[in-house]
Amino acid sequence: MRFRYDPEHEDLRESVRAFLTDVASESAVRRDMESDRGWSPRSWSRLCAELELPALAVPEKYGGAGGGLVELGVVLGEAGRSLLCAPLLSTGLAIQALLLTASGDEVAELAAGRRTGTLALREPGRDWDAVPRTRAVPGSNGWRITGTKNWVLDGSSADLFVVSASTPAGTSLFLVESGGGVKAEAIETVDPTRRVARVMFDAAPATLAGADGATLIPSILDTAVILLAAEQVGVAERCLEMATEYARRRIQFGRPIGSFQAVKHKLADVLLEVEAARSAALYAAYAADRGLDVAEAAAIAGATCSDAALLAAGENIQVHGGIGMTWEHPAHLYLKRATVGRMLLRHPHDHLERLLEPAGLPRTAAGERGR
Amino acid sequence: MRFRYDPEHEDLRESVRAFLTDVASESAVRRDMESDRGWSPRSWSRLCAELELPALAVPEKYGGAGGGLVELGVVLGEAGRSLLCAPLLSTGLAIQALLLTASGDEVAELAAGRRTGTLALREPGRDWDAVPRTRAVPGSNGWRITGTKNWVLDGSSADLFVVSASTPAGTSLFLVESGGGVKAEAIETVDPTRRVARVMFDAAPATLAGADGATLIPSILDTAVILLAAEQVGVAERCLEMATEYARRRIQFGRPIGSFQAVKHKLADVLLEVEAARSAALYAAYAADRGLDVAEAAAIAGATCSDAALLAAGENIQVHGGIGMTWEHPAHLYLKRATVGRMLLRHPHDHLERLLEPAGLPRTAAGERGR
Amino acid sequence: MDLDYPPQVAEFRAEVRAVLAEELPDGWAGTGAIATAEETRAFVREWRRTMYRRGLLGVAWPLEYGGRGLTMLHQVALVEELTRAGLPFGEQPADSTGVKMLGNTLLRFGTEEQKRAILPALLSGEQRWCQGFSEPGAGSDLASVTTRARLEGEEWVVDGQKTWTSGAHTATGIFALVRTDPAAPRHRGLSFLLIPLDQPGVDVRPIRHATGGTDFCEVFFDAARTPAGMIVGRPGDGWTVASVLLTFERGEEAATNPIHFRAELDRLFELARRKGRDQDPVIRQWLARARARVEVMRYLGYRILSDVMAGGELGHASSVSKLYWSEYHREVTELALDIQGLDGLALTGKEATRPLRTDDPGADPSSSRSWWNVSLNARAGTIYAGTSEIQRNILAERVLGLPREPRPGS
Amino acid sequence: MDLDYPPQVAEFRAEVRAVLAEELPDGWAGTGAIATAEETRAFVREWRRTMYRRGLLGVAWPLEYGGRGLTMLHQVALVEELTRAGLPFGEQPADSTGVKMLGNTLLRFGTEEQKRAILPALLSGEQRWCQGFSEPGAGSDLASVTTRARLEGEEWVVDGQKTWTSGAHTATGIFALVRTDPAAPRHRGLSFLLIPLDQPGVDVRPIRHATGGTDFCEVFFDAARTPAGMIVGRPGDGWTVASVLLTFERGEEAATNPIHFRAELDRLFELARRKGRDQDPVIRQWLARARARVEVMRYLGYRILSDVMAGGELGHASSVSKLYWSEYHREVTELALDIQGLDGLALTGKEATRPLRTDDPGADPSSSRSWWNVSLNARAGTIYAGTSEIQRNILAERVLGLPREPRPGS
């Protein structure tokens, strides 16, 4: 009975945090987010070489460290705290998807940091798990994929895409390399610290990675929700810290503003939601690693952590006052990260609605029509 | 351009308040709420004779004072503040209904305080405006009414019922006298300060009051919502006052608890909603008297004042702490009044939903099915 | 990380299940399912005797005081099983304030004499102790207690008044926070005293609750007496002793709260179905939010239990837990009223038989009286055992390290 | 009670409508409907000239200062008509800080010389004044201003720094709250000074906003100078003058806010329709709640206007109003983001051209960039012009009469 991080987790957290103090300092983040690619290949190489982050949640047989989502969650929490600009979530998700599907060669490549990868599942105007309009057609030289994907994380820079496409037999997952037949177009989103692209596949050569998309995709999305939740906890924690530090320091009316109950109680409420988010994210990662109630835990973590991050980021600004709304202060970057993160995979409302069916309140046909 | 009470309103308020200090003191309320009838005929006679309250919003030709809902609202606000136990709202609504329908004889009777009246519109398990299952059948000696009504205010003591019933031609309103064919059964509700009954009509003799129930009933309900909103403002105001007085007086940690921002800001938030409720109730009454956007204004007042009263009553208890949850303290009586008042005519959600159609967002058939 | 319980605890859990299977009547559905409130109370009295007979009270206490010498985790497994079966831990509130709170406190701070005199009697039910902390002038500000005790020869003489004393009308004694050194500043001058209730200097008066029930009392002391040895800890230690005691109140709750709140939420789901509101998307959002919060309560519970297992005392996690469940409960009981609509405000069905928090497991989901009682309990829940405002202060000052407010005149 | 405007005002309103009909281009749909932000700004500059030419600036000012000698209610009718037509009152923020705030303040507190020198020039646009109240160390606590001025011969010499100065980069002068008596306690030592910006002692630096725009500036004073006669009120009166000035900011808002927020909400309704979310019952509840709140804002506006008409100054009603609209706006802009969903976080369409509160009337309901900008504006809205926390303090202390907090060390 031990529901808390082990000492190895704390060690991992510390080493990542120390590393990111440099690689993802505020000035590094601002430089990277304004760069063309949106992240620094140099920093990324160091993260891969020195910390071996992409290999963390990869079985040892593929050259990984044999960790799970709990360990990867620790790292993503730190990435969230610092707003690290790097293809860590995108590549991490591609790896987790490939672990469910393809052979280990690509996993090893990604885990070693030699290439980056990403998921290309969502299509314009549709949900992540809608039946894809993108089509895969078998030919003499293997499969060809045609269609457009949206909200592809780091899509402009990724080397490898895990793409969902419809085949005559149903939805399957394919592996597509950047290059011929693949065109990425950056989307300007609210969040400058996370790059997203629209990716057009035009008869792009593809390898079948997993035939049973209908089973694989929900599982991959649960993993994505759990890892994003871990990142959101980091965002929320850091915002709470920033607000607390400022409240201790900022003097108004002859007192630190943190001595006023209005500020105290606001931050206590944030703390409460941060504690809830921490618990939910940790449990979901644990549940995924142990094969417990993953779908439910992921939905709870998704809803809880999304809202906690936005709450913390918003209250951080409110506590800072005007200065928190300036470009020069990092508070707005956290707000932007939290805003996109909250809706990126599923709106909290949709996470919540998904809880009810397993809990015994399925939506009936009549209810469906109400949506 | 003057959206505030006139000096005559303030005079009216003062005289009613002074009167209720005696007639609806806390001990009087506790005595009346525990009496069989739920109100004191003696106090009621005085309210009718000395203040002529039932006659207030009655045209002069029926012996009334010629006021409108604004004036009656002032009185109901005071009734709400003191939790007056009296058939004021029930009789007031019966009068307003009869002013839209029947001849003036009954109005004059009710206005003079010689008899009390009430609305009997709602049926078990159904909404106020559902097509009634209660049936009216014409006979040689006039109409006969059979059916059961629920949530009839002061139904056990009323002399006169305004009853909705289905006729072959549609829904109409009828006047039924207590006595033969009418049996009332008290309902135990959450709120001991407002009596409610289930009333069974068994071939009760009835007079047709208004044939066009489909037009009349929504209008009567709007009036009811507006008058109840006025009462709720009084409840909310008094709760805010009680909480404020206690917060000024109660010492903890060497200070009045009202000097702590947690209490201050809580009460400021209540004040904000009380101000909103005051404005909404006053506008709705004004709109009804002037024939402006009544339905919309009533819905806004209904939602706003219902929520404000419950908020104020709840926070009053929270500010009082344990003492606020005891029977000996009046705080729980306000909570109970606010709780029943909030749902009595329509749930705030339903008030809100009704706003959308006139605002250009009607519910489509598909949306309907979603309910 | 590992949420599994060790094998010895799993074995013990099996034993508990076997006892329950033997002792409970056929078709048992929880105390809430018993027809009337009176029968429920009678059953619980009897059930308490059964628990004692089967050695299920004080399992984590040393053998010499009537316990079984097992671990805290055994006790947790026990209350989990009881709660799942819809059973209380003994009789409430006496066994909560007595066995759980006073008992564990004596194990930690009591003299050998106190332990021998009181612990076995707590288990047998011969002694029932209630808690005397709050006073009319010391609610949120517990350190401003004014009930005072002075040593006269071999006895403490106590004067003053306690309030919100749960179960005082059936208790045999009260453990009270009293001022023994009027000169010492605030909480420094307090002591933790054990005072018998059956004596001329004590007057117990029930307080009527807004629900109409009388679960709480005022206790008046007018030269009440207790032997000099009935102090727990040294004079002046009262604040420390009381603080530790309060954490026992929260310890097991971490395990049982999620079970109770989950059972209540299941009843609410059923209510929504019966009322035909389960397809209303607005209601669904609230139900789902409640479901997520109850699960989070379970996760938070794991964290708190882990802390306890790791040998630590319950620290600020208990403030997180208290604020979380009490605010949740306000929300979910308001939802219950909303789901029922107006007709839910006409009182029908069995009353809630548990005085605080949720109704008993097995309660009828359609009882509007139960939901109304519980909604009032929920309002009390953000007040008792430290108001939400006090919990937020604790979190802000002790966890976040925000500065204390300036004291007037300081 | 009577919500009707008197006949003279109704006549004036007709005149305004006639002017608008003459001056506006065919198919006019509001400034928000102009294709680009740049064209919008150009239109507004030109529109300001038109208003001046047609005598629509300063209608409630006396004739001798270029006004038309009409009443406050005429001015309200004017801004109502402008707002309904999707037009600003002059150019923002200069005419808000200049004509509305400084102008009205000078009419109340200014010397004859000040009025003659400044009022006509405000109307013609020759002078543009910005507001210098906040400082880096004086945000919520405005009384702790440290920018100081001392009289040297015939001139005030000013040193210090102001911040959140809207429009300073295009203004000709700044009215600033400065400390002239360092010995006097807090707000007693403050004066209200008019300082020209075009001088070597002043440095204006734009502040970049989280949206990327630069609507605010920092203003640095390093021995900046202004004539001795450029003080409004007497030395030490600064706090009083500034307080009255701030109420002008809120006065007309009472009439225009509901119109702006209603237009914005209509755009949101249209967005919901376009996104196919208008039948989602959860979204409908929020939309309806927003609708009710906007109407309540209108009713509150009537009350505030009535107070103004009754000759009073705006008192605490302005705190009610500020708290109500700013918290509403947070909620409604979050709703807008929710309605759009993820795709609404990809920025497309025209930016919001109004720096605070809502976008301009006529704005495209489908512009995700506009909604995002406005949602950031809404976050700023609970901070500027007195944070929500400050407003709640004002309401609690000045309206409810709750005791002030103890000052540290006092």
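Note that the chains take the letters A, B, C and D in the order they are written out, and that residue 1 is the start of every chain.
Please note the rule applied: a residue touches a chain if its C-beta (ideal position, glycine included) is under 8 Å from a C-beta of that chain, and two chains touch if they have at least 3 such contacts.
None of these values were measured; they are calculated from a predicted model.
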- Farthest chain from chain D by C-alpha centroid distance is chain C
- Message: When I count C-beta pairs in contact, which pair ends up with more: B-C or A-C?
- Response: A-C
- Item | For chain A paired with chain C, centre-to-centre distance based on mean C-alpha positions, whole Å | 41
- Query: What whole-number Å value describes the gap between the mean CA coordinates of chain A and chain B?
  - Reply: 53
- Item | Residue list for chain C, restricted to those that touch at least two other chains | 279-282, 285, 389, 392-393, 405-409
- Item | Residue numbers of chain A (touch at least two other chains) | 255, 260-263, 265, 349, 366-367, 370-371
- Query: Which of the residues in chain B come into contact with chain A in the complex?
  - Reply: 260-262, 265, 366-367, 369-371
- Once bound in the complex, which stretches of chain A touch chain C? 1-6, 70, 240, 244, 247-248, 255-256, 258-261, 263-265, 267-269, 271-272, 275-276, 279-280, 282-283, 286, 296-297, 299-300, 303-304, 349, 352-353, 355-356, 359-361, 363-364, 366-367, 370-371
- Item | chain C to chain D touching residues, read off their complex | 280-282, 285, 405-410
- Would you pull the chain B residues touching chain C in the complex into a rising list? 124-125, 151, 187-191, 196, 251-255, 257, 260, 262-263, 314, 317-318, 321-322, 324-328, 331-332, 335, 339-340, 343-344, 347, 349, 370-371
- Taking the complex as given, what residues does chain C use to touch chain A? 1-6, 73, 266, 269, 272-273, 278-279, 281, 284-285, 287-289, 291-293, 295-296, 299-300, 302-303, 305-307, 309-310, 320, 323-324, 389, 391-393, 395-397, 399-406
